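In order of appearance the chains are A, B, C, D and E, and numbering begins at 1 in each one.
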Amino acid sequence: MSVQSQDAQRPGFWTRITDSDIWYSFKRSKITIVAAIVTLIIFLSALFAPLIAPHDPFDLATLSLLDSLTPPAWEEGGDPRFLLGTDDQGRGILSTILYGSRISLAVGFASVVFAAVLGISLGLLAGYAGGRTDSIIMRIADIQLTFPAILIALLIDGSVRGALGGIDREQSAFYVLVVSIGLSFWVQYARTVRSSTLVEKNKEYVQAARLIGLHPIKIMARHVLPNVMGPVLVIATINLALAIITEATLSFLGVGIPPTQPSLGTMIRIGNDFLFSGEWWITIFPGITLAVLVLAVNLLGDWLRDALNPRLR
Amino acid sequence: MTEALVSVENLSRVFDVSKPWLNRVLERDEKKFLVAVNDVTFEIRRGETFALVGESGSGKSTIAKLIVGLLNPSDGQIRFDGKSVATQSSASMRQLRSRFQMIFQDPFASLNPRWRVKDIIAEPIRTFGLNGETVRWEKRVDELLETVGLSSGDGAKFPHEFSGGQRQRIAIARALSAKPEFIVCDEPTSALDVSVQAQILNLMRDLQDEFGLTYLFISHDLSVVRHMATRIGVLYLGRLVEVAEGKTLFRDPQHPYTRMLLDSVPDLEMTGRARKMVEGEIPNPIDPPSGCAFHPRCSLANDRCRTEMPELQPYGSTEAACFAVEEGRA
Amino acid sequence: ENTFKFAFQGTLKSLDPYSLNETFTLGTLNNVYEGLTRRGADLQIMPALAERWEVIEPTRWRFHLRKGVKFHNGNDFTAADVVFSADRVRSEGSDLKTRIPADAKFEIVDDHTVDVVLTSPNPILHFEWDTWGIVDKEWSEANDSVRVTSASDQSATTISLQANGTGPFKIESHDAGVKTTFTSNADWWDAANKNYNVDTVEFSTISSDATRVAALLSGEMDMVYPIPVQDIKRVNDNGATSALTGPELRTIFLGMDQRRDELLYSDVKGKNPFKDQRVREAFYHAIDIEAIKAKVMRDLSTPSAIMISPFMFDNAAKISRLDYDPDAAKALLKEAGYENGFEVGMDCPNDRYVNDEAICQAVVAMLARIGVKVNLNAQPKAQYFAKVLASGGFDTSFYLLGWTPGSFDSWNVLSNLIGCRDDAGNGGMFNLGGYCNEDVDALTAQVLVENDPDKRLDLITQAYQIVAGESGYIPLHQQGLAWGVSDGFKVTQRADNTLMLYHVNKN
Amino acid sequence: MLAFVIRRLVQSVVVMLVVSLIAFVMFRFIGDPVDQMVGLETTLEERAQLREQLGLNDPLPVQFWHFVSKAAQGNLGISYQFKRPVAQMIGERLPATLELSFVSAVFALVAGIPMGVYTALRRESWLSKMFLTVSLVGISLPTFLIGILLIFIFSVNLQWLPSFGRGQVVDLGWWTTGFLTASGLKALILPSITLGLFQMTLIMRLVRSEMLEVLRTDYIKFARARGLKNRAVHFGHALKNTMVPVITITGLQLGSIIAFAIITETVFQWPGMGLLFLQAVQNVDIPIMAAYLLLIAFLFVVINLIVDLLYVVVDPRIRIGGAEA
Amino acid sequence: MSDAVLSIRDLVVEFPTRKGVLTAVDRVSFEIGRGEVLGVVGESGAGKSMTGSAIIGLIEPPGHIAGGSIHLAGERIDNLSPDAMRKVRGRRIGMVFQDPLTSLNPLYTIAEQLIETIKTHLDLNEREARDRAIGLLDEVGIPAAKRRIDDYPHQFSGGMRQRVVIALALCAEPELVIADEPTTALDVSVQSQIIDVLKRMCSEHGTSVMLITHDMGVIAEAADRVAVLYAGRVAEIGPVKDVIQDARHPYTEGLMGSIPTLLHDSERLTQIPGSMPRLTDIPPGCAFSPRCPKAFDRCFVDQPPCLKHEGRDIACLLYGEGDRP
C-alpha cells in the first residue's frame, strides 16, 4: 500500500513553504532572521569543522604545550596561526570552538531527541490509554520532576563511572550527558503531548478512525501524533538551548565532556581557571559563542512558539 | 418499508462520574452515575431517515456512538440487520463495521488536518480492503469527490483549504467510501451556515435516493429534522419520550415536552399557535427528577408524574411516554 | 585585637585529632593539640610537649615531658595523658594507628617521664609524632570521648565537636564545612617565645578556586590557599596581596602496570608492553618536563628524577632524569616492537594535585607524538582513588599519582610505592602498578632497621638508583606551593603545605 | 478538600520512597565511601571492617530498609565525613539555602511579573522588545558564568559586594539568618541575582504569554465592552486570571530554584545544602546525599501541595464547584 | 436622522493582512430608531460582529475603521478618544456576546462584576450599587437574586448566565444594546426565554437593539427591521415581514428558500450554489454575482450601490437606479 503523491498540479514543497503563514511571520521578524542565520552559521561551521578549522585540536599529536596560552593574534604576543589564541594545552581557541560547538550541538540534539522520543511515546500512551496507565505514567513524571537535571546528571555520571569504571571516558561522557539531560526533559514532552492527546483523541477525526476499526497504535501513530507535534517542536527548540547550557553547567561541575575533546561548556570551565590570570580569551570566546548560539536558538524557539500559536497571531 | 435494519432494544448507557474513592469516603458521598441513555428502544427501517431530536445533553450523541460501536452499552442490545452487534467475532465485526458509517458535527474537527483529502477519504477503503478496491482507490476517491460535488483534483489538498460546507462534503465522501448501508449523522449541519446547510441536506437526500441509504439523523433543530426525517424520536434526559412519523409529530405532538419544543422554536413563519412561555431549563442529568424527568417543567404534571416513570405507549402511529396523554389530561 | 581570616579549599571535617589522617586536618588541629614533638618552619623536628628524649636502649626510648603545661580547660598535662593518648591513637577507629608501632609499650616512669619500649629498633619512631596531639585523659573520660570518633560512628562524641588541647590556639566555634574560629591561648606554655600577634583566627572553606582568589583580591580574606599557579601573577599585581610560593614535598609521578600479563586498558593483547623496560624508557623520554614546568606549572615545580623530594633525601643530585628525546623514544618503541605505537588508558585525578588534569593532558599529547594513543580518564578523586587503589583492585594501566611520605623519610616511599605487592595489596600498598624488584625490597628491609644515618642513606640511594635505572616509575616533579597572602600579614610557609597559626603576624 | 490533602500526602510518601530507592540504588555505584573516610595508609582489612560496620556489605534491600525505618523516625544517620548527625547538619544548612532561594524567588517574581505584564500590554513598544531580548540573554548564559562574571565585576573590580559566603549571620537558635545584618544582606545580592535571573526570565515570559491569551478571552472583551477602565481590565481581570497558571509553574520553578542552588552555592561558596550535597557527592557521603535527595523531594511535594492549595484559593471553580484537581 | 439612536454611514472596517487589505465591513449604512430592534443576519464571516465591534470601538488591531461615520444619538462616536469611547461603552451602548460560558470572568462573583460595572458608570456607593444589581437580576428573571448574587458564574446554568450577561449590559441603562448572537450557544427551549427577556427589558427601558444572529427564526420573531449582510456589504434592509415573505435581493431570496420551515413540506430546499467568497478575494462587481442565478453582465463589473426601493434598501443592479438613501 504505497501512497503515491501526485503533486503534478500541486504547488511544490518550496512554494508551499513560502506561501505559509509561518514563512510570512518569519520574514516579518528581522530578529528571527538574524537568529536563524546565526544558528545556521554555527551549525554549518560545526558540521564542517574538519574542513574549515585551521587545525584539529582533537589530534593530540599536533598539539604543542609550548604553543599554550598564546593570546589572540591581534594582542601582543599573539601568533597568526591562532587567531583567537590558544588554551592551556596549546589548542587553538578558534578550532576548538568549531569542534566544541559540534560536541555541544551533538549533546543538545541527542538529548532532545532522546527526551522527545521518550516523552512523546509516554505522553501519547498516557493520554490515549487514560485510566491506570495514565496515572502511573504521570506519577512517574512527578517523581522525575523532583530530580532536577543537575541531580540526575550527578547521580548518573557517578553511577556510570562507578559501575563501568574502566570504559572510555570520552565515549561514555557523551551518553551520560545525553541520558541525564534527556531524562530531565522528557516530562515536559510527556505532559504536553498528553494534554494535546486528550484534546485530539476526542476530536471527531479520531473517532472516525476508531469507527473503521483501526488499531489504537495505528491511530496514535498516524492520526494523533502528527497533530500533537506542534508544541513539541517549540519545546524541542527551547530545550535544545537549555540542553546546551545544561551540558555547559555539568561540565562546570566536572561531570561533562572531558577536556581532551572539549565542548563549549568544558572550554568555559577550563578557561574559568584563567580568568583572573589574564588569559581571558580561553573563556570569553567560547562563552560568547555559547551565548550567541543559545540566544539564537532561543529566539527561534520564541518565534516558533508565537508563530504556531494561532491565538497570538 | 417495514424491515428493520437497525434495532435498538432497551439500550442504556451509564457514565461513572463519581469522585475518587478517597473523597467519597471522607465526604460520605455515594458513587455518582450519569445515565446518559436510559432504556431506549426503537428501530430504524431500511431506507428511512430516523431522526433523534432533543436538547443538549439529552443523549443524542451517546446513542449515535453506541450504535456505531464507539461506546459500549451498559445494558441492552443493538441489532444490525438482525445480528446482535455485541456478540460478533472480530472478523465478522470487521465485516459489519464496513456496513455503517458516521458523519460528525464539526467539519473542522472531523478531518485530520495533517492528511491530504484523498488519504482521508481512502482510509476506510484501505482499512477494509474492500474487494480488491485497494488497488484502484485513487480512482474511487476521484469518483467519490465528484459524487459529493467536489472536483477530483481536490484530493491532493489539505482540509484547511476548504470551507466548512466543502469539508462536510469530504466527510460525507469518506463515509461513503466504504459503501455503507447505514449512516449515522450527528448534527451534520449545525456548524454550517443556512445556505450551505441547504446544500448538504439536499446532497444527503440525493445520496439516499441514489444509494438506498438508511440514516440515523440527529439534530436539535426541529425544522431541519422535519425536513429530513421519515420518523422522529424525541429525547429528554436520556429517555425517549415520543416516537412518531415526521408529519404526525409536527401536526399532532403528544408529549408535553414535544409541544414545548415546538412552541419554543422561532420560525420564519410565525405559527398560528399562541406561544407559551417555556419554563425552566433542562435539569442536571446526574440527579434527574424522580418519576417523569420532565415533571418540573410540565404544566400538566400531577403526583403520579412525580413518582412513577411513564413508559412509551402507542397512540395511533405515535408512541409517547406520558401519563397526561395516557390519562387524557393533555 | 587582631583577626586573621584565611580560607582553604578543603574542609575541617572532625575536631577529633585521630579521626582522619589527612594533612590539612592534622596540620590545622596541630595548632590546638600538640604532640610530643613539633616541626619548625623548615620541618626540622623540635621538642614540644617532650622537652627532650633519648634512646636509652636500642629498643627503649625515654621522653622527658615538659612541666607546667596546661590544657585549655586548665587541667595539667602529665605522663598519664601521653599514655592515654598513645593508647587512643592505636585504638579501634583511629586513623593514625601507623604513628606508633602496635606492639610498642608506653611505661610511666614518673609524672613527667615516659618510656617507650619497642620490639625492634626503629630509628624513625618519632618522625611523625608531631602529628598525633596529646589529648587530656581526664577531660576525655569525663566527656565520653575515650573512643576515637571513627568513620563508622553513628553518634558524635564531644571531642569531635569541641577541642581541648595544649596548643597556642583554642577553638571557639566550629561549623563543620563552613567556618571555624580560633582564639589565641594566653596560657600557652611557649608564650614567652611567642612569635605571633593574632588573637582571633577565622577559617572558612572556599572550594572554588576562582571564588577563593576573588575573596583574597577583594580583601575579604587575609590569606587563602592554595591559589592556582596561573593566578600568582594576578595576586602579586593586585597591590594589596602577594603570592607566597615555595617547593612542596609532594612528588608527582606516573606509574605503569607492570604486574599483569595483559593490560586492562590497551589494544595490545597477550602481553604487557610496560613489562618491557624499553617501553617505559620510551615513555620517559617522551615527556618534556620543562614544558610542563613552564606552561602547566608556570615554573612553580621542580622536575624530579626520584620519587621523593630532595628535602628528604640528601643524595638526590646523584640521580638524574632521562632526557626529553622523542626520537629516542620512538626508536625504543620500534625496538620493542611497537613501531606504530599502541593504545593505553590512563587514570588521572582532576581535583587532587596542582593542575593534575592539565598535566595528564599534556602527557597524553606528548605521548601522542611518539605514536602512543592514550585514552585519558580524568575523574574526581573520590572515583579515582576508588578505582586505582587496592580497594578497587588496582584497576589501572597507567596513572598519575602524588606522594608525600608522612614520616618525611624514604623508607615510607620505598615500602609504600616501590615495594613489591601481591594482588590483594599486601606489600607496597600504593605501588599501584605493581613494580617489583627483589633487590630493592631487600634494601628496603635493611633501611628500616639501620640506625646509622650514613649507611642508611647509602642503602636508600642504591634502592632509588635501581628503580631509576629500570624506569620503574616516571617521576615528574615536586609541585610548588602557592599561597595568597594579604600584605597586611606575614605568614610562614611550610613545605608540607601546613599553616601554623603561631607563625602569623599582622604587620 | 481533606481528601485532596490526604491524597497528596499519600502520594508524597510514595514519591519520597521511590526517590530514596532510586537514590539508593545509584549510591551503590557512585564510589566507595570508605576510601574517602580514611587516610590513604589505612589497610585493606581495616577498610573491609569499616565497610562491614557501616552496613555497606548488607544487601541493598536491607540497607534501604534500615535507612527508611530510621529516616521515618527522623534519624538520617551520621555524615561519613563530618561524623555528625545529618539531620543536624541539614538543619544548619537549610536556612542558608532557603533564604537564598526565597530572595531569588522574590526577585524573580517582583521583577518578572511586572515585566511580563508590561510586555503583554505594550506588545509593540521598544521597551517590551528590549525586555524580551535582554531577558533571553539571561537564559542564554550558564548560571555559573553569570555568577563568576558578577563576582569579577562587583567583588573583584568594584569591591562593592562580597564574593562568597553569607556574611554575618544571626543565630536565632533554630534558624540562622542573614537578613538582620548589613553584611548578610549584602552577601545575598549577587547569589540571589545569579540564581533568580533564569527564573525571572521564565516567569516574565510565562506571564506575558498567559496574559496575551487571557486578553483574548471573551470575558476580557466583555469587560471592555462594559466600559471598565483599562486598569481594572488589565489588573483586575486579566492579571488575576493569568495568575492561575502562573502559580503552578512558579511553584514548580521554586522547586528547581532550590535544586539549581547547587551551582550558585558552589560559585559563591554559599554554606547551604547544595554545597553540602556537592561536597557529599565528591566524598561519597551517602547519608548526606540520601538526606538531601529526600529533602528535595519533600520540598517539591510541599511546594506542590501549597501550589494546589493556592489554586483552590484563587480559583473558585475548584473551591466551590467541588471539582477535583 | 435626528430620531435615530444609531446611524451608520458608509462604515468601512479594514484588516491589513499579508495578502492585502481585507475589507471586513464595506460601506455599510443603516440606522436604528429609538426602541427599535434591528436584526442583522448573514453568513458566518459576513461582517456582522465586526460591525458591532466597530460601533463600540473594540476592533482588535490591526483592524480599524477605515471610513464612514457612526453617530450615536446625533453625536459622532467613531472618532472619540479612547477614554471618551470607554465612557460610551457600557454607559450608552451595552453589549451581549454569544457565549455566556466565557463572557463572565470565572474568578469573580456575579455581584463583583455587576457592582464594578455599575460603579464605573453611575455615581453610586457600594450599597446602592448592590441594590441596583439585585434589582437587575430580578428583572432578568434570576430567581432568588438576593441569595445568588454572591455566587460565581460556574454555579449558574447557561441560560442563567446569559441573563446575567444581559443584566450586565443593561447596568447603566444604555440607549442601545448590541446583542451578538445572544442565543446561539443555548438550547432551543432556553433560547426563546432569552430572546423574550431581551425584548422585554429593552421595550421596558426604551432601549434600541441591534440583534446580530444568523438564525432567521429569531429575527422573524424579535426584530422590527432586518439588515442582511453579505461579504461585508449590505444586501438588503427592510421590515422583517417584507423581507421574509418577499425578498428582493437574490441572495436574500435564496437565503429564505434554503431555510427549512416547520410548516411546509418541501422535497428540496432551494439552494444557493457555492459559498461566500473569502473577504480577501471578493470578485469585482457584485459580491454575490458568481452565485447569483439572475446575474447579468454588469453584475460582474459594477458594484451595486445600496438604494432605497419601496421602503427597503437594496444593493442589487436588478433594482435599477433608485434614490440613494
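Operating definition for what follows: contacts are C-beta pairs under 8 Å (C-beta built on N, C-alpha and C of every residue); 3 or more make two chains touch, one makes a residue touch a chain.
By chain, UniProt protein names: A, D = ABC transporter permease; B = ATP-binding cassette domain-containing protein; E = ABC transporter ATP-binding protein.
These figures come from a predicted structure and were not determined experimentally.
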item: Those chains which touch subunit C and also touch subunit B; value: A, D
item: Touching subunit B and also subunit D (ABC transporter permease), the following chains; value: A, E
item: Between subunit E and subunit B, distance of the C-alpha-averaged centres to the nearest whole Å; value: 32
item: Gap in Å, rounded to a whole number, between the CA centres of subunit E and subunit D (ABC transporter permease); value: 53
item: Centre-of-Cα separation between subunit C and subunit A (ABC transporter permease), whole angstrom; value: 45
item: Centre-to-centre distance between subunit E and subunit C (centres being mean Cα positions), rounded to whole Å; value: 90
item: Multi-partner residues of subunit A (ABC transporter permease) (at least 2 other chains); value: 158, 161-162, 272, 275-276
item: Contacts with two or more other chains, residues of subunit D (ABC transporter permease) listed in rising order; value: 30-31, 148, 152, 156, 266, 281
item: Residues of subunit E whose C-beta touches two or more other chains; value: none
item: Complex contacts: residues of subunit A (ABC transporter permease) adjacent to subunit D (ABC transporter permease); value: 31, 139, 142-143, 145-148, 150-151, 154-156, 158-163, 241-242, 245, 248-249, 252-253, 265, 268, 272, 275-276, 283, 287, 290-292, 294-295, 298-299, 302, 305, 309, 311-312
item: In the complex with subunit B, residue positions of subunit E that touch it; value: 43-44, 157-160, 187-193, 195-196, 214-218, 220-222, 244, 254-263, 265-266, 268-273, 275-276
item: Complex contacts: residues of subunit B adjacent to subunit E; value: 55-56, 163-166, 193-199, 201-202, 205, 220-224, 226-227, 247, 250, 260-271, 275, 277-278, 281-282
item: Complex interface listing, subunit C residues touching subunit A (ABC transporter permease); value: 209-210, 213-214, 217, 228, 230-234, 264-265, 288, 291-292, 294-296, 345, 350-351, 357-358, 361-362, 364-366, 368-369, 371, 375-380, 383, 386-387, 392, 395
item: Contact footprint of subunit B on subunit D (ABC transporter permease) as seen in their complex; value: 2-4, 6-7, 322, 324
